[in-house]
């Protein structure tokens, strides 16, 4: 991906991310978040993580944000009044962020591995094709196209099936929780 | 009987008597006095037999009181002339006082308690006399203090009596402070507390070496021991308790505060004379304090109107005499005076007791008068005692007093002109105030209703007076002193002897004449010297010292302790903890914003700690 | 079950049974009497059964933790038996003196007794420490619920203070275990196993600091100046049996610990000059500062409480002397002080119950109607000021003598000896306040409205018991000394 | 029998119970009894040692070592106690879940009895998890379940507030943890702890980035265990949550956090690790601060539940310090085992407190310390049990709580961390104050003239109370009991 | 050139923006959005690292599996969280953080 696009999507992500924080109307915040996540998805894709990028769009922009908007509408939540903004928390939050970014910057400055570009670590399709066992993946790799979804699926269902089941339990608990917390009593 | 069983009996029998009476106080209410008196008679018998006991250079061991490793402090007895003689005096007068008390305390509610305490005293006093080591002496030293406390405070409902008892004990405690310090130093230097061993050490041992090289330590030790003697023998400035102690029953005054316990200080000084004599400084200080006490007390006695107080100051004065003698290098002279003084002073007190008894507990001599006709026996014995005390020639007191004057005479080894002068002055004053007492109380006309109705005391009280009259006259002579194992001093010869004799005679005569002249037919005291009457205001000074010194200081220390110790160890940490606690509670403001901020801060801080902060590998 | 385990657990069991509802007084008295018999038997037969070498006897051990090695190990020598004897005597007296009290009084007293016995009879540092803490809650609750005056404050003070002290102590004890371990792999809490190890401990340079930590820890439990400010308020506020048990018995645990653990295991630490000087300054604080503070008291409970703090100074002086004379004196004084202070607190409680006040200015002349009480109080008071013939004196005089034992004329007075001379003055101070109190309460004219009568014959028993012990030991201290000194010698103390 | 089958079985049991709850109208108590039965069976399997080896496919993520078994048993016991506690607390749950409490009965109780089973599964997996993904998923299973449980009493303002706070702060910590994990992964290229350990031991070059990752991880986990300053959620959430959930949080969740922390710290402190120094330093500083804050802030508390919250913070401090003391060879225990021992002592005493608190609450008493007044008279058994538990929390000798502190303090002595020794001492001393305050309340006279109903417990609770009190006392004098279970 | 550091920086920035939002905002829903942002930032880091660490010539899909789990967890959290927020709104008629300031001290 050209650098320009990277900067564009990064800016998209960060500016809309900032707007989530700055805008006082929750609807606007939610929409900004969708935009921000779209930019983020593009960054994922720029890192050859197509599947994750799409999931990001699907789950966040498609499902989570709709849920948010739905709740906002349902509950008819108003914008925050400006006077309520706490100066201390604004200053404190900003300070925290600045210190954190400075710390991060100093660490990144000393990170030798971080000086590489994507081009420095190209995907070795041939080598990968040899080691992969699944024929469809082998085929895709041979065609020099990254079977991203398949590979993620391999990892998930071959390597982490146990964790997937555990995640199922988690989702079950979440579902029950939602039901308990929001159901109306039937007489 | 073996000496050990004799001494054991003498020591333990009164203890048993005291314990039995104290414990079964209620049951023995009506027989306690008989038990106690019986015990005192047995003791006297034992003491008489003991007079013939042989010297025991190593002492007699009753049991080991404290024994740790090589160190021992025994309950053991020394048998020598000094202890035999002293034991005789103590038991003899003790017995007489017991008998006398049968009459004197007949109507007292707490007679059993009185006799119990008397037994306790006999036990303690015997212990001092017989002690062969300093720790044992200290033990009994304190025990006589406590029995004296009980007896002075016998009529504890009277605030004066209760206060006097307390004062006596506390003043003695001050003295005991020094006594113990002295014991500690001697123990530290030699490793033992036995008097015989210490003496041996002083003659040729560690102490000898130390005396030659570090005399100050011996001086300190001697002064420590002397401080103990000062307390017990009421030497200035620790003399204040003795006059107050007259609040106790009169027989007690006779026994404890005239004849025996107060003499224990002198007795002890003579016992440890090898230490006192080893240092000139010690001797000088002792002599001076003795001399000052003698003179000062005599001056005070001249202005008292309470018959017992006069005798008490007289006792003080005579004790000062004895102490001075010891300090001047005349332990035998001191002891000899102690011995004669015990008889006649006990008799004087018992006589005054009879007078008080007869006058329904009137003690003011200015409210008496004309008693010689109503109480002839009492008068005559009292007169004999007075004469002996004044040092009228041929009486017991004459010999012993002359001995002391001889020691003080400058020609004698340690003699000192000023002290000699003070001693002679004291003798004059003694004659003066004793004559005053006799003249005012016994002659003239009765100045009070009680004196008017006075009559002779009962036989149990008269008998001891009469018995004591004999040694008051005869005790100074060798035919009595030697079998009684008194320490008779060598007769001083030489040019000084005549001067001394003369001075002593003149003193008696001058004192007698002055007093007769002043007080014959006087209805009130023609002389009025507030300084003497108020005892040089020393009591007031002490009261102030206690109130404004000690008590205020205690208040101050308490306040400082509260502020600093309590403040620093309790209040400050507590305040700090609760302050920090509430501050930390304040962090928990309930606001989610604050919480998220704290969490964010935590992230930053942990990252800082992890990456940028490192104190040690 | 060995004899000593029975002795320790008997009061605990009695406390439990009492709590569950058996007749409190009978159970408690029976248990404590039985314990007195058992301890008395052990005390009297200690030497004849186990020789005169003073070693630990009646030993028995059960491992509870393999590494570090911790055992429930019991054992007794002359020292611990003396302390156990003190415990059972005071316990019996305290329980006996209770009249018409609730169940919890008996339970707490028994719990404290069990804790004290456990602390004195265990030979494993862990349990020795642990048992002492058994008393913390009963003490706290009893003072806070049934105390007098500023009871809440006092209860908190004693609890937090002793809590801190015992934690410091714990740190010090763990330090000792570490100090004595030859290599880190073998940690043992067995006192008897530690002793040979201590001799060639590899961390000698820590000895002084470690000893000092122990001194502060144990010292806090003994109300060593300046860590004493819990003691006086707590004793003044405490219900009678608690004051008796705590001031009489439990407080001695700190001293016992110093003699049993700190001095034998860390002799070099104890002999370090700065440690010695610190101790001397602190004990002077006890004697002089607390002496004057006691002098300032205007109530009997405050006076007794402060005086009991003051007297600890003398025991520390005995330990500071560093020789057998002083240590024997200290043990003797521990015993004597325990008995005498228990006696005084018992009487104090009685006065409070009958008169409703303990202020000197409101009292007077009690001796007139209560001669027995005044006699017994006199015994206690005179014992506590060190009157010869009563037990305390024997201890005090040994302590004083011990400090001069190595007096060298050529060196003059050392700090130790100057301290002693100053401490001697404390004896005068204590006489001043004690006699002042005695005079004010018992002598003089009886004050109006405060009538006091002698106790019934049955109630005289505990008083008589304690007074008799004071007298017997006072007249014949060898009864304890003979047993104690061989054991002290066996612990390796000079 | 695979050890996984335990988790599987309990998960299935939870599922079945939920189905039964939804479709059959059985008394809800039966659900609780079924859950208890299942848990007891699982416990029996663990204790009997029948839990066998792990299938090869899982070996990378999942280990069954003594520590794992110990924590699995711990999780089961904690869950068991929570459900028993819930039975006691049921009326209150019903009251605050049902819209019309008087018309319905046992609203929400079925879920309330079965959800802990899923938490238990999560905690059991955490006990064995040795790679980042497994840790993350199991941790989130526990966390999300707790979101539900904390806010369970949806009609109670406090419960909701606690739920919201836990939700926000918990999600924040999740974000932090994931961020830390991604950095850890990025730096080491490994997701399994053994791989991370190897990389750490053979690190070359600049250590700052790896330290950054380690710091973020520790911060994320510090939230779970409640270390200062990540403790901030604890008091509010503990106070607001339903009492059984609070108990479960303070014991179960904390233990689960600590087993993960133990494994992660073990990884970081692997011999030759480049991050060992800073990690120990962070643990000590956080631990020291936690001890101080937890204890000091507890002093002024008046609400017993909140007090227990601060107390759990303070205990976490000791556990952190314990984890930092790695040279505990003399104790023949690793630092993780010392922490595990400490937690094992912490479990019974905390549950005793919460049991009694639930019983009081069910009888209409408040949760203030003052409402405990008179308990010692009204029900001496409960009073005594509570007093023993509090004494143990305070760390009085001859109780289990002392043994826990004993090992920690001993560890600091052996390690030579004298500053932290002093802090531990100060903290423990402060602890005396607030625990004794509660004991005092138990034995004080009640304020009002009228006496309320006598608090009492059901049979099951009585049995567990007895077991817990016995455990406190027995472990207090016979600590080898736990050590045998822990150190094989 | 776009290096790994660029990605890491962007993710770090996003993370801190989220953090700021969490600290600053008062609307619980918005706070929740910011939290999602932080999780996503973490995901970006993971994906970036996974791309730059080739396993057998391919990006590390194990790490991407973690991303998948994270997204799932985030979704579940959102569901539960929104349910709680709804319950809160029902009780308080507000989703402002001032509605949850009763528990403190």
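When the chains are written out, they are named A, B, C, D and E in that same order, and each has its own residue count from 1.
FYI, contacts are C-beta pairs under 8 Å (C-beta built on N, C-alpha and C of every residue); 3 or more make two chains touch, one makes a residue touch a chain.
Model, not experiment: these values are computed from the prediction.
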item: Both-way neighbours, i.e. chains that touch subunit E and touch subunit B; value: A, D
item: Far-end chain from subunit A, centres as C-alpha averages; value: B
item: Innermost chain by mean C-alpha position; value: C
item: Longest centre-to-centre distance from subunit D, chain (CA-based); value: B
item: Whole-Å gap between the CA centroids of subunit A and subunit B; value: 101
item: Intercentroid distance (Cα basis), subunit D paired with subunit B, Å; value: 76
item: Centroid spacing, where centroids are CA-atom means, of subunit A and subunit E in whole angstrom; value: 8
item: Chain centre separation in whole Å, for subunit E relative to subunit C (CA means); value: 64
item: Subunit B, residues touching no fewer than two other chains; value: 585, 588, 590, 592-593, 596-597, 600-601, 603, 607, 611
item: Overlap residues in subunit E, where contacts from two or more other chains coincide; value: 8, 15, 18-19, 22-24, 26, 28, 31-32, 43, 48, 50, 52-53, 62, 65, 69, 73, 76-77, 80, 84-85, 87, 98, 100-105
item: Shared interface positions of subunit A, touching two or more other chains; value: 86, 89, 92-93, 96, 100, 103-104, 106-107, 111, 160, 163, 167, 170, 174, 177, 181
item: In contact (per the touch rule at the top): chain pairs; value: A-B, A-D, A-E, B-C, B-D, B-E, C-D, D-E
item: Partner subunit C, residues of subunit B touching it in the complex; value: 22, 25, 63-69, 71, 73, 113, 135, 138-140, 142-143, 146, 153, 156-157, 159, 162-163, 165-166, 169-170, 173-174, 176-177, 180-181, 183-185, 187-189, 191, 193, 210, 213-214, 217, 550-551, 553-555, 557-558, 561, 565-566, 568-570, 574
item: Subunit B to subunit D touching residues, read off their complex; value: 577-578, 580-582, 584-585, 587-588, 590, 592, 595-596, 598-599, 601-603, 605-607, 609-611, 613-617
item: Partner subunit B, residues of subunit E touching it in the complex; value: 19, 22-24, 26, 28, 31, 97-98, 100-105
item: Touching residues on subunit A, where the partner in the complex is subunit D; value: 103-104, 106-107, 110-112, 160, 162-163, 166-167, 169-170, 172-174, 176-177, 180-181, 184-185, 187
item: Contact footprint of subunit B on subunit D as seen in their complex; value: 164-165, 168-169, 172-173, 176, 208, 211-212, 214-216, 218-219, 222-223, 228-230, 232-233, 235-236, 275, 277-279, 281-282, 285-286, 292-293, 296-301, 430, 433
